[in-house]
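Okay, structure first, notes after.
Chains: A, B, C and D, in written order; residue numbering restarts at 1 for each.
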Amino acid sequence: MTHAPRVTVWNEYQHEKTNPKVAKIYPNGIHEVIAQHLRSSGLTVQTATLEQPEHGLTDAVLNQTDVLIWWGHIAHDRVQDDIVDKIHKRVLSGMGLIALHSSHFSKIFKRLMGTSCNLKWRNAGEKERLWVVAPSHAIASGLDESFEIAAEEMYGEFFDIPTPDTLVFVSWFEGGEVFRSGCCYHRGQGKVFYFRPGDQDYPTYHQPEVLHVITNAVHWAAPVAVPEVKFGRQPKPSS
Amino acid sequence: MTHAPRVTVWNEYQHEKTNPKVAKIYPNGIHEVIAQHLRSSGLTVQTATLEQPEHGLTDAVLNQTDVLIWWGHIAHDRVQDDIVDKIHKRVLSGMGLIALHSSHFSKIFKRLMGTSCNLKWRNAGEKERLWVVAPSHAIASGLDESFEIAAEEMYGEFFDIPTPDTLVFVSWFEGGEVFRSGCCYHRGQGKVFYFRPGDQDYPTYHQPEVLHVITNAVHWAAPVAVPEVKFGRQPKPSS
Amino acid sequence: MTHAPRVTVWNEYQHEKTNPKVAKIYPNGIHEVIAQHLRSSGLTVQTATLEQPEHGLTDAVLNQTDVLIWWGHIAHDRVQDDIVDKIHKRVLSGMGLIALHSSHFSKIFKRLMGTSCNLKWRNAGEKERLWVVAPSHAIASGLDESFEIAAEEMYGEFFDIPTPDTLVFVSWFEGGEVFRSGCCYHRGQGKVFYFRPGDQDYPTYHQPEVLHVITNAVHWAAPVAVPEVKFGRQPKPSS
Amino acid sequence: MTHAPRVTVWNEYQHEKTNPKVAKIYPNGIHEVIAQHLRSSGLTVQTATLEQPEHGLTDAVLNQTDVLIWWGHIAHDRVQDDIVDKIHKRVLSGMGLIALHSSHFSKIFKRLMGTSCNLKWRNAGEKERLWVVAPSHAIASGLDESFEIAAEEMYGEFFDIPTPDTLVFVSWFEGGEVFRSGCCYHRGQGKVFYFRPGDQDYPTYHQPEVLHVITNAVHWAAPVAVPEVKFGRQPKPSS
């Protein structure tokens, strides 16, 4: 690409409208906090939410999207299958996807992984520490070797995902669990990054390190000038 | 497991009944040739085909199946979604799956991969040579460093699959293409092996090396005594 | 192989002879405890130690060795380079290697990895919990989804190793660190498994789960009937 | 990095000085052709050769090197071990390394891989076609799905290397062999790319696609702002 990646931040935007505690942390929604940070780093950013027509993910919006960030939790089932089909095709054609936290159970992430994406969880405000296990990877650039989130929901192994192409972070939780927290995948001509934080009950997306990782991930997941692949019948030998 | 793996060979069983050329090569179906070989190696083997009730894949059959071998081509769409759902769950719970040749486009393989599984193809009776690129892997045991199939349908890259956890074979084709021909995946508590040969127009499943690979793959894909995973909410810390 | 894997357990055997606390835990050396367990599971097992001629690793011994288990800590430098060369060649030719705990810094492991193999450590008798992250892998067979060691030396990330071909265990430590504790590698025609426990100060090799993992690893690391590879100049085309 | 990667192209520079046929193709050496192209793409590039003091790889030069490109063939043994040690440490600390063609047998590449790095070869001017198998990877950016080299030395599998972290290219050769031709590795805090072309007897490094891949690889291999890792004893728990 010769331009900076264009990002769309999608949020189901439910908790923030119904739960005062969450509304206090994210008065304009999780998507706005993430979008604001990405804009401040010089990126072009749109937002989209579940209750907009076509969930805000019209062709017009997606045509201007190099990387789609996804946050969903209690409304996965309300995401229409035809929108999921459309996003799935776009990821396989090069659009980057960053799935955050509870989006492990989103239709689009499960479709791309092919597994149950199940895991353990416990919402007890435990300390989480994320350790970098791939220090030469672009997504770890500019971080310390670990960073801490003071209180978060616990996610624990076994996390039923395909083995990541690159595992960037492993989380330690106060209560005794570990978790593969930063997982890179090549899928078709696109790239997918799963990042474990953060639950809506905590101010995780206000934390600089978390925003830093998301920004790095946008740059990593942005499409390259992908080779045009000719699928299907090839009438003549190549050689 | 304390017993030898129990295998079910599934075949859509269409070409053999309608195409005299194919019928001559596989008079009782591709499934019977594979099943016969596996039986002769001491394994317990059932067969199942598309037009049987529930495609022959009843719970009773699957309860006696450690590894499911799959061959489909022109009738992928006729496989019922509820059967696919059931097999998907069983693979994630430990049942091995071996997807052969055109089964790259089967519903169950695509579901497990999460990608389009598309590829290039040309049916021109070209020479194929399969090179071992993981000589220490159990699926390569007892083979030479390469083996040749005199005439086969060509499959070429880009093959739109997730990067294999282990790549065992790479094919060379006379006409100028290469292909990742033997691909191992861990998915959930189960294992999946994709093996490229063979097209119904050629006597590929009569070739000893091909049968040898399938037999090795059965042993590799058979479930281990998988740890019981507790998914979902964990009320108490583990430590 | 048509026979059960033949194992040689190598130990530098220093702490047990000089430190009464260690001697009490392992009166005949760490190697004897491991060897005894493997013998009781039906395997043929030899032992070898640093101060024997050729460190006990004569050609005669190695010719009867399918899998070599290695424990070293304070005497890595005393291992002769020609013995390391010999073992390196044998691993690349098919012999399995299981490197335990502080053997991350052994000459043979560092040679095979190509990296510094450095890590964090703290010997404070902390609780360790090992989580299975590859439940379909043979080395996890028969385990629970996690197991605990009451007190151990801590090893922490970043662990400077190549990304494992398969990551089987991730450790959680009481003091806040995580560690990739069970790492599988294919190297040449051989296989290597690194397993983090146990430090000489703790009775770790008396713990059933730890011995169970080592036994599984022996079976996994045992050589297959590896394809004979022809390296070097090939005067004629293969096709 | 806030600056463009600074590159040093190292060449043993032997064939070009002694073999008139090679001198005609590369009158100023292979290194100059590669360096010239990288400079024209806006990068800062130095060159260094075997017969310079310290092989041209003084600390002053390496302190200005983000990515080191290496070409060696008949003089691997003349590279001093202390220089290899120094480069090895720098790669593990973040410097990128691109090993070209016969550098598979260079001391530095073998050290980093830990394997024999052996392969098959035949110098018969065969056609080579490189297929992209990771179309979303930065090193494939801007390429077609395959490209052809009219005549090259053949390299064939089994190539005794660790499984690449990402496999970007697979080569097809006229004579019947395949080869993993573009291999990415994370090692320590650095990155390594092996790229198979080109032999000194052919004008391979004048071919635009080959130069394009090398340029992409420079950008990929350039160090990120790597986390500072604290190895060794940690007196206090992190949590």
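A few points about this structure:
In the analysis below, a contact is a pair of C-beta atoms (placed from the backbone, for glycine too) under 8 Å apart; a residue touches a chain by one contact, two chains touch by 3 or more.
This is a predicted model, so every value here is computed, not measured.
Using the contact threshold fixed earlier, the set of chains in contact with both chain B and chain C is A, D. When the C-beta contacts at B-D and at A-D are tallied, the pair with the greater total is A-D. Once the centre of each chain is set as its mean CA position, chain A and chain D turn out to be 33 Å apart. For this pair, chain B with chain D, the centres built from the Cα atoms lie 37 Å apart.
Multi-chain contact residues, meaning those touching two or more other chains, occur in chain C at positions 129, 132, 134-135, 145-146, 156, 158, 163, 165-166, 172, 174, 176-177, 186-188, 227, 229-230, 238-239. Listing the residues of chain C that touch chain B in their complex gives 94, 127, 129, 132, 134-138, 140-146, 165-166, 172, 174, 186-191, 223-230, 238-239.
Across the interface of their complex, chain A is touched by residues 92, 111-116, 118-122, 124, 126, 154, 156, 158, 160, 162-163, 165, 174-177, 185-188, 227, 229-239 of chain B. Only residues 129, 131-135, 145-146, 156-159, 163, 166-167, 170-173, 176-178, 180 of chain D touch chain B when the two sit together in their complex.
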